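Read the structure below first, then the notes.
Order of writing sets the chain letters: A, B and C. Residues in each chain are counted from 1.
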Amino acid sequence: MAVPLRAEAIVKHFGAVTALNGVTVELRRGEILGILGDNGAGKSTLLKIFTGYQRATSGRLLIDGQETVLRSVDHARALGIECVYQDLALANSLSVYLNLFLNREIMWPGPLRLVNHGAMRHRARELLADIGVHIPSVDLPAERLSGGQRQAIAVARAVNSQARILLLDEPLAAMGAREAGLIIELIQRLKAKGDLSIAMIMHNYAQTLEIADRIVLMQRGRITYERETAATSVAELMEIVRREYRGQDTV
Amino acid sequence: MGHFDRRDMLRTAGLAGTLALLAGDAARAATEGAFPSHPKWRLVFVNHVTTNPFFVPTQNGIKDACDLLGCTYQWTGSANADVAEMVNAMNAAIAAKADAIAVPIVDPHAFNAPTAKALEAGVPVFSYNADAPPGSDNKRLAYIGQDLYQSGYRMGERIAATVDAGLVAIFIATPGQLNIQPRMDGATAAIKKSGKMIDVQSIASGPTVNEELSRIRSFYLGHQDLKGMYAVDAGSTQGVGEVMQQFNLPSKGVHAGGYDLLPKTLELIKAGFLDFTIDQQAYLQGFYTAIEMFTFLASGGLTGPADINTGLKFVTKDSVGPYLTSKTRYEGSSLQPQIVARSGPISG
Amino acid sequence: MNHHNAVSLRERFLQWREASILVVALLLIVYFEWANGDFLLSSASLQNLTQYIAPAAIIACGEIMLMIMGEIDLSAGMVYAMAPFIMHFAAETGVPVPLAVVLGVLAAASVGLLNGLVTVTLRVPSFITTLGTLFLVNGFTLTISAGTPADVPGGTALAQVMGAWGYSEILWALAVVAMLHVILRHTRWGLHTTAAGANPTGAAEAGIAVHRLKIGNFVLTAALAGLTGILEAFRISSIDPQAGGNQIMFLAVAAGVIGGTSLAGGSGTIIGGLIGAGVLGVLSDGLTLIGVNAFTFNIILGLAILAAMIFNIHIVRLARGGGAE
């Protein structure tokens, strides 16, 4: 059976700048893939191509073995690819449940196209309970939530949309240890539910090795290292990265 | 503990004596007054340019009349000729049970309904400074102000007497506005009647003084063969005068004149750049209107109302002197109450 | 963090963001009623008061939608003056009056479209764009009208509905407010407007067509401004090229801000805009009624607005501090 997502020889230019220089990587069914690398390595760009937000300059994407050109974010979503960006795409002044259903609102039937607040509130509570996220009230405006709660809402929103492939951009950024722990548990619960393949861009090697099944390391638009997490360690990863710095020094 | 010495006694006596005298005077004044006691009637004056210096003497006139007659007044309306604001102010005055209302009718229709409403509610309405056009449905009781058409006609006669032939430009700030358009109409009619080969062009100069100056200047530069530049409102008159001065046009045989007594206009008349300006006597527009309101109210509506023509006076280089040298509340350059001395023969 | 299920009534009132400005409005009404007994309790004065409130309330609805998105329309006052003239000229050429009214509003909407396209596709800040269209539309109006006032088209029945009857304008205002409130809180258009204002990148990432939304709100604001101009023209039976202008635009924006919409964008309230217009209307009407003279009028109005805003902000701070976790 084909893997849910495979990228082959992806190249992306932004004018004179080459962000991706021939990336080949796949996301296997039911796994958590960690994407590591320094700033400017091309991780976010790669993610944006997977979500349909950007188009690759060359290379191909295979979804479930089928070569696909993603026309838009909506197209990617229709294929079951959901993404949680670093800024979380939350509207601070809107309540939790409205954020959860942003652009996927539940409507009343009829020509007036009014949104169904009651149904959304109810479904929001159900969903949060389902994935084990505790928020005091779904009516709270998003700005009143802590960093970890906001991240949880953003992830819940992606999950709510019947995602099969979940992409997370730095989900643990700017989070204290306790909150990071809660999010890690959430991601593990999601994986345990089955049929969700998750790719995460991460910065913290220790956290990555704790959750991910497999990691890839990106350096300057290329994947330079790929390993099952069980077969590698933080020390080894840091050595590879150090080699890159030293390589730059001697130039 | 008081030290009651002779000086204190004298001082106290003096104070008491003065007070007694004043009280006696006041008592005498009351019995000598023409009108018995009446409520302090509230006279509401709505205006289209409430902050325009032209109307400062008008407000002085209203105040003097009110002080004389024991009434109060309110000066309200719009600062920038917004008719809707003026209508709102009139309606507010009616709702607040004003005793009388005066308004310049600067729009042919907008004031008809509020005027009718006021009259129905028993509030007399007068127009001042600008009147409804002939044939209008407006039911105001009387108009106090300059006969606009007539003043324009007289100006037109003067123009025809000064200019024999050629292009004459007449500037008007906002065409169609009822307090200045009739002047333009009168002037044009008089010039046409004179039969002279004068080509009259009516030019809109804009509602603000700065704009007016630029437009007048541009017009002159595009028509440097013109024979006369005139204006029917205060700002345009000043603009015409300044352009006459800037290009030294009197020496080229160009004539100019206009309306109202802006200080710069008066200076330019004295310096010979403007032939004349027309004084519409803003003080009287306030004073006489307030008096009319009072007599109407005092007599229960039996006396008055009557139209009052506050006249038009040509102010020329010969007669402009006193206007420049004195600062009086009658012309708006001072707020002090005063009696102005006069001497010498009275010129027409 | 303490969240009881039964939140106290007082707490709930304070957290309702329009509460503070409603308190201000009520205090002002009480004051003016005390200072001048005719303020509210006669039909003439009530009708009068509504005529002070209605125009700013209608235009405020549009400006609020734009302010939520971090934009503004400075040309609204000029569109207000232009639309009745378009209606007038259409009627003169024989178009039936109701259709002429529609054409006037459409002409206004087209200015909004221009504002939206320039702001969104050419990426000019809306302040600049609408400043430009302000002058453009003003000049256009002066030109087509030759600076001269015009008559409203005949037909008294339609005129009564479109503003001549004393209470018609406030009824229009209430209808517009109700409609926009529903749109803002209960339709995707409104919710997405708020989201796009709070987090434009995020909203785009969520797949919201932010550009289309913005242009739509510009069109909406201009159309409402044109409608207001037409209503006012029928009310005073005259179409005036000097009408409206920047004064009404500032009043509308002020009504929105006083009512609780943030100038910085991200959140807003239509009901608050109505109450804000109410505060401004109560002040203007009340000060005129108690006999304040023109020269001191603006001083007092300015001070009163400042006081209202300061009071409003501090109540909000109190509510946030008291009711938050």
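Here are some notes:
As a convention for this text, contacts are C-beta pairs under 8 Å (C-beta built on N, C-alpha and C of every residue); 3 or more make two chains touch, one makes a residue touch a chain.
Nothing here was measured: the structure is a model prediction, and the numbers come from that model.
Taken pairwise by the contact criterion, the protein chains link up end to end in a single open path, with no chain closing the loop. At the centre of the protein atoms shown, by the Cα-centroid criterion, sits C. Set against the Cα centre of chain A, the chain with the most distant centre is B.
Between A-C and B-C, more C-beta contact pairs join the chains of B-C.
Distance between chain centres (mean CA atoms), chain A to chain B: 76 Å.
With each centre defined as the average position of its C-alpha atoms, the distance from chain A to chain C rounds to 42 Å. Averaged C-alpha coordinates put the centre of chain B at 36 Å from the centre of chain C. Residues of chain A found to touch two or more other chains are absent. Chain B makes touch with chain C in their complex at residues 42, 47, 50-51, 72, 74-77, 79-85, 87-89, 91-97, 107-110, 112-113, 117, 121, 174-177, 204, 207.
Here chain C touches chain A in the complex through residues 1, 3, 182, 186-188, 191-192, 194-195, 197-199, 201-203, 205-208, 266-267, 324-325, going by the rule given at the top. Partner chain C is touched in their complex by these residues of chain A: 53, 72-74, 77, 83, 85, 87-94, 98, 102-103, 105, 107, 113-115, 117, 136-137, 144. Every residue of chain C that touches chain B in the complex is listed here, in rising order: 36, 38, 42, 44-45, 47-48, 51-52, 55, 146-149, 151-152, 232, 235-238, 240, 242-245, 247, 284-285, 288-295, 297-298.
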